[in-house]
Each structure stands twice: as C-alpha cells, then as structure tokens.
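Some structures are shown below for you to check.
Paired with chain B in one complex and with chain C in the other, chain A is shared by the two complexes that follow.
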Partner chain A sequence: MSYTNVRKIGNKEAIWFLVILFVSKILFADINRYVGQSGTAAYIQTIWCAFLAAVIFIVTATLSGEHDIFQASYLALGNVGMKIVGIIISLMLLLNAGVMMRVYAEIISSIALPDASEFFILVALVIAAAFAAFSGIGTLGAYSFAAGIVLVATLSAILILNIPNYDLSNIYPVLGNGIGSILSGVDGLSVYADVFLVFLMATHFSKGTSAKKAGLRAIIISGVVITATTFLYILTVPYPAATEFSLPILEIAFDVNLDVIFQRAEGLFLFLWIFSGFIVIGAYICFSILSFERSFNLSDRRGVIGVFLLIGLGVAMSMESVSLQRDLYAAFYMAFTAVSYGLPLAVFGIRKLRGR
Partner chain B sequence: MMMRKFMLLLSVLGILMLCGCGGREIDDVAYVVAIGIDRMDGNYEFTFAIGNPDSINGEGEDPLVFESAVSGDIFTAGDEISARVGQEVNFSHAELLVFSKEIALGGVNTFLDELTRNLDQRPKLIPAVASGSAKETLQGVNSQFEGNPEKYLKKIFEYSASPVSTGIDSRDFLCRTKNINTGTALPKITSDDGTTATSMAVFYGDRMIGEFKDLSSYKLLSGMGEQMNCDVNGLGSMHLNQRVPPNIRVRCEDVPKIDITVILDASVNTRNPDISKDDLYLTAENVLRARMLELLEFTSIDAGVDILGFERYARKNFYTWDDWKEYEWCNRYGIAQFNLEVKLIPQKTGLVKGES
Partner chain C sequence: MIRDLFLYKEPNESYSFDIKTERAENGTLPSMTEVSTKIDENLAYAKALLSYPKNGDIVIREFNVVVEEDTLRGFVVCADGLSGSAMINDNVLMPLMCLSDLERNHGESTEDYICRRLIPHVRLNKKTDINALLEAVNFGDCAVFIDTLSVGFGMDVKAWAHRSIGEPQNETVIQGPHEGFNEMIRNNTALIRKTLNTSNLVMENVTLGKTSKTYSAVCYLKNVANSSLVDEVMYRLKNIDVEYMLSSLNLMQYIEESTYLSIPQMVATERPDRVCNALVEGRVAIVVNGSPQVLIVPTTIFDMATSPEDMYLRFPYSLLVRIVRIAAIILSLLAPAVFIAIMNFHQELILTDILFALSKARSAVPFSSLVELLLMELSFELIKEAGIRVPGPVGSTLGIVGGLILGQAAVSANIVSPIMIIVVAITGIASFAIPSYQLSFSFRFMRFVYTFAAALAGFFGIFAVMFVDTLLIVNTKSFGAPYAVPLAPRTRSRISNIFFTEPIWKGGKRPDYLEPKDDRDSPRISRKWKYKKR
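Right after this comes the complex of A and B.
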C-alpha cells in the first residue's frame, strides 16, 4: 500500500487535524507555562506566540513552493540527505509518540482509573495508534474533521459552564510581568510545532488543498481557542496561585458548579483527554511511519507498523514516571520544537538557494 | 454496509458497559460530608462526619456517623478509618472543613495543600473555624429539617445568600494564602450548634490573626447579594436587598484612598410613629454606614489585612506586577482612607403606604 494510493485529505480535514494537535497541548501544562512567564498577561503572550508561529510558517510555506519536505530534501541534499531528514523526522515523531503515550496513560490512570494497570491503558493507546497507522493519513484526516469540532465544542462547554466563576479583576495588572516577559516567551511556540506535519502531507492533499492555507488557518483557529482558554483560566484562578496548578483545564472543570443542575465537569475534561490522546498518538505514529516510508521508498507501510508500535511502547514503558523525568521531557519538548521549525526552514531554504 | 451497522451497534452497546462504580458498590463506600481537624498530643485528630445511607431522608437514626483518628494527615486518617469501619472512605462529597481555633492560629496550609492535590476532593469544600473543638462542632451539626446532611451543609455554608457564608471555598482560600496583599475571612462557628456563625475568623496567609463579630457588614461590602432584616436603633426595622455589588474605586496615592458606594433596596418592615419614613431611611443609612466603617477600620487599623480584596481594584492602577509590588499594598492598607457611602433605594411595592 503506497502513499500514492490512499485516501486524500481536503482543506477542512487538514485544518481540523492540526487544530486537534495544537489545542491538545493546552490540556497539559502549557497554559501554566504562559502564566508563569507573563503572569496576568499570559493571554497576550499566547497571541504573540500564535503570531510568531504564523509568520515562521508563512515564510517556510513560501519557501516550500509546491514540494513536500521529502521532495525538497531530495532536490536540496540528494538521496542520502533525504534519508537523513526522513530518519530525523521519523525518530523524532516516534519518540514523541512514546512520550505522549506515557503522559496520557499516567493522567488517565491518576484521574479516572486509579486501580487500573497503566500497562493496560498503554495497550489501549497502542491499539488506537495501530488503527490510525493501518487506516492511514486520509482516514485520520477524515476522523479529525469531526473530532476537532467535538474537541473545541467540549472545551467550549467547560468554559461556558464556568462563567459564574470568572472574575475580571484577575487580569490586572494588564501587562502582567511586563512586555519583556511577553516578548521573550517564545518557547510558547512549541504549541504550534506540529504545523510542520503539513509539509509531510503534500502528496496526500486532494486537488485544491493548500498546505499554506491549511496551516495558517489552523494556527489562527487554535490561536483563538488557546488565547480564550488562557484568558478564562486567569479569570478563574488568580495569579500567582494560577502558576501552581499542573493541569489548568482540569482546574476550570473542577470549578464548575451550577447549583444542583450541573455540579461536575471533570468528566468532560477526561473525555477531552482520552479523545485527543488517541488522535495525537495515532498521528505521531502515522507520520513517523510515513516519513520512514517516504525516505526509504517502501512499497507497503504495513510491514513496519508493528515495529514502530513496539518501539513507541518501549519508549513509553522505559520512562519510569513523567513526574520524575520532567526535566528530560521538557528538554525533549524544546528539542522537538526547535527541529520542527528549524528543519523544514533549513531544507526549503537550501532547496530555494540551490534552485537559483 | 452490514459490517458498519454491526460495528456501530457494538460501539453503542459498548457504552453501556462504561457505567458503574469503578469496581465497588455505593454501599461499600463511606462518604465523608464534613472534616474536623483538632490538635492532639503534637499530632492531629481528624474527625469525619460520614453520611449514614440507612437514615438519609428517612427516620430514626442520625443521618451522620462520626469517626475520629489521630494521624499526621487527612488521608492517612482516612485509611485508618476505612480499615476500622470496613468501608472505603471517600472525600468526593465533602462540603465542610472545620479547623479548631488552635489549628487555625498555627496555620492551615498543609491541609489546604493536601486537599487540593487530592483529585477526589473538589475545590468547593467550605473552610470554617470552630470556636472550640472542631470535633464537638461537627457533632453539633443537626439537620432537623433536611434529611440529607450534605445538602444541609451546602445550604448553610455554600450558598452566598446563607447568613453564615463568607463565600470562600477551599481553593479561594488556598489562592488567597499565596497572595501577600490580601487576607481571608472564614465563618467562625460555635461548638454546641455546628451551624451558627457567631463571627468571622480573619486570616493573613494561612494563619488566623483575629476575629470580627459583624458578618453581615462583610457580606454587604463583599457584594454577596445579602438579604437581611435590619433593626434601626429601635426606631423601626427594614428589609434590605443587595442587588448590585458595591461600586469600589481605589486611588493609589501615597495614602490609598478607597471610595465605596453600597446600594441597597430597602422596604420598611416596622416604623415607630414618632419618626418619619424619610428619617428612618436616613437613620438606617447612618447605622449601616457606621457598622461597615467599623469593619473597614478593623481590617485596616487593627488587623492590617485587606480581607475584602480591595487590592483587586488597586491593581487596576498599575501596568505591571513589578510596579504593583513596589507600591507595597500590604503595608499601605493599614493607613488607607475610606470614603463610604450607603444608599438605600426605597421600594414602592407593598400593601401599606404608611406615609405620615
């Protein structure tokens, strides 16, 4: 089953696929990091980061022309260069899939299934990833179109149910820790790092789908969702206490209490968590295999799916605990961000220069 | 097509299997509705008021069963009691957290922190201080007119319209302990009747530093939507209803100037024939103003702690946290000047005109 013989992805599917990957990041500690850096102006930092991500993406997409990253690396760096780029991307995504498996499994185990073995939760995630890998990117895209809307709607439901608990005075002082902190908070770009996946998808796009449009629109939609969520988190939990909660959306969900009508919204958070977990891990595994397949020109990706899943599971199980290895995880996350933005920019830049 | 329908049916049937009590039946769980904490021989005595399912909404036995254990923390005490009663102690329905005065004076952050970390426990637990022993205070809880003790405690302590509520839950309290510019007021309840708030306990950080008798002035200045009947120096009585929060403006000059306008709907209950209706309103305004000023001066001059949260309005005058910190609100609040205005809006509805 070659990559040229699979279901194609349309504009809307690509947009919502990326939106899920971006927005799922704020289910983790990313909002907390924004608040830690910029204080009460965290939501301004999210706007700044979305703007920066959009600018970098536009530059990269403009340099890419009509090529995907494999075609561009072949033209710029030759066959060996393309293989090296493919292996870097494949490994990076595979490692990320393993780390994400562990993070998702730990949180599901802590919040919803404290008596369940983490191994079984990991196996459930691996099965979901296997389903995504066998179905391919086209199916993942089609699924994401519906799933993305459900994800944003569920997140909106949590935020709307919490309206009685918002305190507008929490946003003062309006510039938080200062303009310097806002502008220097560029590590918030990591939320949009997965945008580079559109440069892997080009051959899967249906006619009329544009990587540039899809990526840009996904950044704008996610930027609005992330900024609104960060803003409403600040209205819910006052600074400086807001920096101390590790799962901000869960805190908002905890706070929901509409008298006797609706008293608990943690279930909605858990739904978001599990829902996004399956898609995010499935996407990383799927694109890791795609990258390997393209680099080595495999005729059938199904042969390597089992090995990739086992490696992902091995990475997840080799981590003793995400809490214990928080620093390692943070370092990996930053490296992933740097490569996600830097590698496509370098490959497309070199191709452009050589093309002249 | 048949296969798809079969899969859909299987998925829907699968959902039915997701409900349940996580492997335990509801009558195997001891639901704690209130927690009392006392000091005991260098350790802590935790008293749990546990809902008695056999008598909730029924007749006969007391709907609450009390169990105590001496331990270093709430959850270890919970384990000990679980082993003793043969049921798993669960804190997810807890409504009330009572500290003995001795515990409150020594600091309560350890308990707030552990309850916030525990995901079973929602942040809506209402903290209160007992005038004596927390155990005796809990044992005094007597829900004569309400068969469900959890609902009873919710009515008494959680609803802002309740006369004994200060509108602070455990997470609000935790957030305030992290903010050096503000304090907290908690209901202080008597030992013999665990529902009567005789006064309020004033906290700075996590330690109780004093108490103040007049809870209704606190509620009016906090804008908690107080409805109350007010005696006007023996000249009559009025029903007051706070429909809009106080209008507060803080000017951050060398001496902070705090302008407060409290607007209340008022209707006459009784009136001494010797006083005109207009004079009764005027006198009522003066009485209320004097009571509120007494509270403001207590917080400012005596306690030196901004329990009413004027710092939220003061922060609007600053652009960054550095500027705000430099102003040192916590030190300047002690010399703040209050300009308090109380306006009673006569209500024209009613059966008796009673003009003289």
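Right after this comes the complex of A and C.
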C-alpha cells in the first residue's frame, strides 16, 4: 500500500499497454500493406514479422541487461550522449504524436463528424492527451490493462459478428504472391516498433516486472491478434479487392449485418478508433515528456506538458492537405520504425562493448 | 387624520438594526488548567466557563461531604437533558451526602476514600485537567469537585433521548439483517462489536473539531488490518484543523484524496453487517457521533456497486442481480447521451425502421432532442428533489401528478416525444437500481456531462468524456488503494469477483490490495463436513 502518487507498472499492465499500441496499427492501413505485399498469404507475413520483431527485441533486451536506455546511453556515450539520445527519442515521439493526432482527427472527421471542424477534434484529442500526460505513465499503464482487454474484446466482437461473411475460398492461393514476397516484407516490422518503449519505462516497473518478458509477451499476443485479424480480413474481402480499402477493420464492420437495433458494427469500430487514438496519442506525449525529463533531470515534468502539447498540436495543424499528411505519415512511420529498432540496439550494443 | 393633512408632524424614526463589527476577546475568563484545591476557585471557574446561570440547561449543585471530623464543601456540574438525574442522585449525591461518615481505612487519602468507597459509578475518571472535566459536561458527563482535593471526578451519566435502532433508511434489503446505525456513537460501536464478537476488534477514540470535539472511533481488526493503513487513517483524522465536525459525510470530504472527483472515495453505510464484512476483509471503519453513516476505507469503485444483500442471496440470484446492476449503471450513465448521439449524428447506425419510428414520434416536437431531453431530465430531477421533501402522504400524489399527468400532458401538447419519456424513465429507473446513493448522485451529475458531450460531438464526445472520466478514476486513490483496483492496476485478486459473484464458500481470500496481515479469512476448504471422514 502506497500513500504517494508514484504508480508502478506491473507485467500485465506493460504487456497490455504495448498490445494496445501494436494492435491499434491494424486499425490503420497496415493490414493493407501486408495484403499488398503478400496477397492472400498476408497472414503468413504477419507471423514472419512478429517472429522477426521478437528476435530483434530479444537481442536488444539481452544486450540491455538491467539498464534502461537512458542509463545505458549515459554509460556508453556519457552525459552529452545521453542528452542527445533523449532529445532524439523525445522529438521522434512528439512528432509521431502530432502526426497521429492529425491522422486520427482526419478519420474521425470523415467517418463520424463530417460537419465538424478538424481543429475542434484536434483540440479534444489534445485535452485527452493532457489528462493522460498529467496522470503519468503509471496510471496510463494501469488504465491500459482494462482498456486493452475491452479493446481486444471489441475487435473480437466485430470479427465474430462478421462470421456469415467469411469465405474460405478467399485464402487461395495459400502462399499468395510467393515466399519471396513474404520474406522480403520486413517493413511490416513497423507494427511492433513501439516495443522500444519498454526500455524507457524500466524505472516505472514494479518489483518483479521484466522488460524482456513484457515486450516478448506483448509481441506474441499482438502477433496472434494481428494474424487472426489479417486472416479474417482476407476471408471477408477477396484479393486483390482487399488492397483497396484504407481502413480494413472499418470495412469488416461495414459488412456486419447486425439487424438488432443497430444495422452494422461501425459503432464498435468508432469505439476502437477513438479510444485507441486517445491512448496512443496520450502514450506518445507521455513518453516524449518522460524522455525529456530523464535526459535533463527535470524535477517536475508537469511544467513542460503544456509546451509539448502545443508543439504536438502545431505539428498536427502544419499539414495542409490530406495527401501531404499521408505522404508525411508514411515517410515518418518508416523513419520512426528504423530509429525505434536501431537506436536501442546501437546504444545497448555500445554499452556492452564499452563494458568489456 | 384630517389634522395631519393640514399640520406638519415630525415623522417617526424607523427602527433599524445593524450588526456591529466585533472580534472575539479572551478577556473575562480566568485562566485555569488544573483543578484547584480551593473549591471557590473551581466553582468560579466552572460558572465562568459554562456561562452559569446564563446557560439555562447547566445545573450546579453544591453540597457538603463529611469525612471523619472534616466537613468538606463540594459541587456537581451537569447539563440538564444530557445527563440522567437519577444516576447522579443515586451514584453521586446520595453516597457523598449520606454515607460519607463511614469509617476511613488507616492511611487512606480523602481522594481514594471518595473514589473507591463513596462513588459506586462504573465509569468514573479522576482528572486534574479542569477544562477536560468541564468540557465533558457538554457531552452528558457530570463533574464533581471536592474542597482540598487537587483532582476532580468525571462520570459518564449520559441519558439524552435518541433515535432507537431501526431499519436503515437508504440501504434496505429484503433478506439479511434489518438493524441500522443511529446517531449515537456507542450504539453504533456496540452494534459492530456484538456482531464481530472478537477481542481483536479495536476501536480507537479520536475527537474531531476544536470546538465541537465530536467523538469518533476508528475501528479495525488488529490481527487483519494493515498497520500502515490504520496509522494513515489516524494521521489524517488527527490532522484536521476545523472548528466543527458535524457528520461523517463532512468528515469524508476532509480525508478523501480527490475532492473534486464526482465519485465518492469511501463507502458511507448505515448497515452494521456491511461494516463488519469490511473489517473482516482488512478495511478500517470510522464511526462519528451524530451520524448514522459509518465510513469504510479504503474503497474501490467496485465496492460502491455492490449491495449488502449480495452476501445473503444464493449464487445464481446474486449473479443475475449483479448483471442487472451493471446494465443499470451503464443505462443510467449513458442512455440519454447515446440517444442524443444517435439522433443528432449517427442516424445511419440504427435500423431504418427504428429511425423512421423515432423521426415520426419526434416530428411534432418543436425542440431539438437535447432541449427535449433537458426539459424531461429537469422535470424528473424536480420530482425527485420535491419527493424527498414532501410529507409522506403527499408523496404518492406528487408521483401521480409529476409522472403520469405531466408526462401524458407533455406528450399530448407535443412538448416532448413519447420516446424521450421512455429514455428518461429507463434512465431514472436504472439510477434507482444503483446500490450506493452517493454513486447514483455522481452518475446523475456525470449523465449531464455525457449528454452535453454527445450533443456536441456524438460518439466522439461520449468516448472523449469516457476516456477522461475513466482515466481520472484510475488515477485516484482511496487511502493508498487505487480506486479501480483490482482491474486497473491489475492485482492478484480475481477480476471475475468484481463483476460477478461466486458461491460464498469459494471465497475466503482477502483483497490483496489491502495488504492484510492475514491473506485469508477462512481456509481453502471451509465446508469440512464434505471431506471429513465420519
């Protein structure tokens, strides 16, 4: 029992927090990317990507030892090095939060609030992110456990309600565009890029929580969910038509014929989209602030929350057109993936080498 | 009068009174902390402190005590109406005035002689602090002072009239005990002690309020409750700097973590069985004199949603009731908001037939669905608020007038649609199914927030408020225990238990987030008769 406000994250909470971050990606066009590369074998590519992500993660986690990325960068690169690493991570997450805000707002505006201004939605997202940032990572982690289960259950509900639309003949040819296209589809690793966040939250872990265990289990659980969803999407929409939809899960929700009070299941998708949006944006802002706080030894993070949120909002509003926003999102997403896997590996690797 | 028309008359000066500025002065009261050996000093101080004879209910009776050859003066102070005259006559005045010429044992002091042989009262305190003795008079004690003695005697002779132990007003059950707390602290502590019947039950006394000195008791099982939790409760109670503490519901606001959160962070119950169950789990109860509500800490939001009757129902019924209650909570909070969101933003989500029916029902109503809903909700809140205050026999009339006549008339006049009446009625009924009165209050408030959010941005607005609301709940703590535990954060306690029930013999594990000294309240196999060889 603790009478202070510092809340620690347990194993299960860390796992579900990461699961939300991973699985929220398939609400975007990530399933389409798998289907575009591997055709009807997209679900095999998701397994392959999950496997690769797990391997890279295990290597990184093994190199990390007991240190988080800030401690490791301090040991490997000194104080200045730690500050540079901190700034890179902080900026990367902040920019990502801004881009995500715009993407989420754009979709909410188009599917739920066509008459509302996007700025209004962005402001609502910023307010929600502010609450998340003030609550801190411990609370967000605790929240994610409950929210993660609810979100995965909602996704499962959409998939279960869609059972009448599954057509087994859609999985042929089983190997889709061929084994080569499956194996070369490593850009699908981007779905699990957020796993590096476990190396940031080591100081927030409660006793007995292991970054390695949490990250690996999160990849496995998400891998199962993403593979199942991709497989069921292929069963619902035949290839190559499956590559045409920018929001595959929404497409499945559209196909569901509820016929009891509600016609279809878009309401469930909306719930998934909005809730995951709040958590993802809140998490990016939170970790961006955490990274800044750790790098510069801030005694109180609350002072910078407002500034970070304003920068995030500024980034979101700086994208003038939808096409610019999509291009920027795609480019940024790839850069984010490269840094997410590469930076921890490099920092922990250098620390290990220097340690010898 | 005719003369007044022609002759001037000085106008009458109208009388007016204004309160003059004044500050408290410590002037006239003589300073005294200890009982004096001179009876006149004690008497003068008692009269000054208790504003005697200005205070009509304060009684001071002077008498003489004969101790061997000496005749000592004495006086007794009590408050009429609070103390029992018969007890004072039989246990104080009669022995002191009539039996005081008994032979004294060799070497026995006057003080011991009076205390051990003359006053037969069971709750007798010997004190040197004159202020403590005289202040206790305000709580039904009497104080006795004898000349030449440097101590006074305080006796508990409380005998004021109070409400008898009856059925709880706000937590009625069909099955289970029907005893409820009343306003007397000792009645309430006695109800707890007789139910638990264990020497491990500790009831630590605390006084709250500098002026009111309200008696309170912190109750816990010393072999179960976490010591740091008990210490924290005592620490918070002892560090409240306030003049008056009139009720446990006031106290709640002084000791809770997040005052601005709409959801209460501790259970206030009128049921001894609920308190006993909480104590057995390792929680702490706070009993405050003058309040029939006993506070239980720490509390989670899931405790708020449970009814004391759950313990007494057979497992399947209890399960069914819990499911109904969860539905009630969701409906009472979200039904109007979802209706507004669908009608204003997401018409495409519902079946076309239902949409046509809704549109047809609303076609004659001149207001937007939000205004319509607010009108109905306001009327419903008015009926509820008025219903609390009207005398019993008028209550049913108010229900008929408010519910049937106004509702029917409003529909006929096309002010509201029938579907809106259904939505508001379902919401109202659902809010009555929530077992905690305070939680249902919180939901009443949050329902309006959700409704406005829905009117502003449909489902997006609802989910945005839901995200912030649930995040605040997860972020809150009740005396060290996270408010949404064991769900968020996840602990070892079973999640299924918070939503559903299981057969009572399967329980036995205390909530782990309370960190009790003993993990279990009963062994893994409690039904030993089933496995024991005869």
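Here, the second predicted complex is superposed on the first by the 341 of 356 C-alpha atoms of A that agree within 3 Å, B and C clash if a C-alpha of one lies under 4 Å from a C-alpha of the other, contacts with A are read in each partner's own complex, and residues count from 1 in each chain.
Operating definition for what follows: a residue touches a chain if its C-beta (ideal position, glycine included) is under 8 Å from a C-beta of that chain, and two chains touch if they have at least 3 such contacts.
Since the structure is predicted, the reported quantities are computational estimates derived from the model, not experimental observations.
Trainee: Quick check on the superposed pair: does A:255 touch chain B, chain C, both, or neither? Answer first, second, both or neither.
Mentor: The first partner, chain B, only.
Trainee: Go through the superposed model and pick first if A:143 touches only chain B, second if only chain C, both, or neither.
Mentor: In the superposition, A:143 touches chain C alone.
Trainee: First (chain B), second (chain C), both or neither: which does A:264 touch?
Mentor: both
Trainee: May I ask you to decide whether A:132 touches chain B, chain C, both, or neither, giving the answer as first, second, both or neither?
Mentor: second
Trainee: Using the touch definition from the top, say if A:275 reaches chain B (first), chain C (second), both or neither.
Mentor: second
Trainee: Return first, second, both or neither, reflecting whether A:319 touches chain B, chain C, both chains, or no partner chain.
Mentor: neither
Trainee: Could you pull out which residues of chain A sit against chain B in one structure and against chain C in the other?
Mentor: 113, 264
Trainee: Show me the residue ranges of chain A that touch chain C in the complex, using the header's touch definition.
Mentor: Listed in rising order, the residues are 1-3, 5, 7, 9-10, 12-13, 108, 112-113, 116, 120-121, 124, 127-128, 131-132, 135-136, 139-143, 145-147, 259-264, 266-267, 270-271, 274-275, 278-279.
Trainee: Hey, which residues of chain B end up touching chain A in the complex?
Mentor: Residue positions touching the partner: 22-23, 119, 122-124, 171, 174-175, 178-179, 312-313, 315-316, 318-324.
Trainee: Quick one: which bits of chain C touch chain A in the complex? Just the residue numbers, please.
Mentor: Answer in residue numbers: 226, 228-229, 232, 345-346, 348-352, 354, 457-461, 463-464, 466-468, 470-472, 474-475, 477, 479-482, 484, 487-490, 513-515.
Trainee: Spell out the part of chain A that touches chain B in their complex, as residue ranges.
Mentor: Touch list, chain A to chain B: 39-40, 110-111, 113, 115, 167, 169-170, 172-178, 237-241, 244, 251, 254-255, 257, 264.
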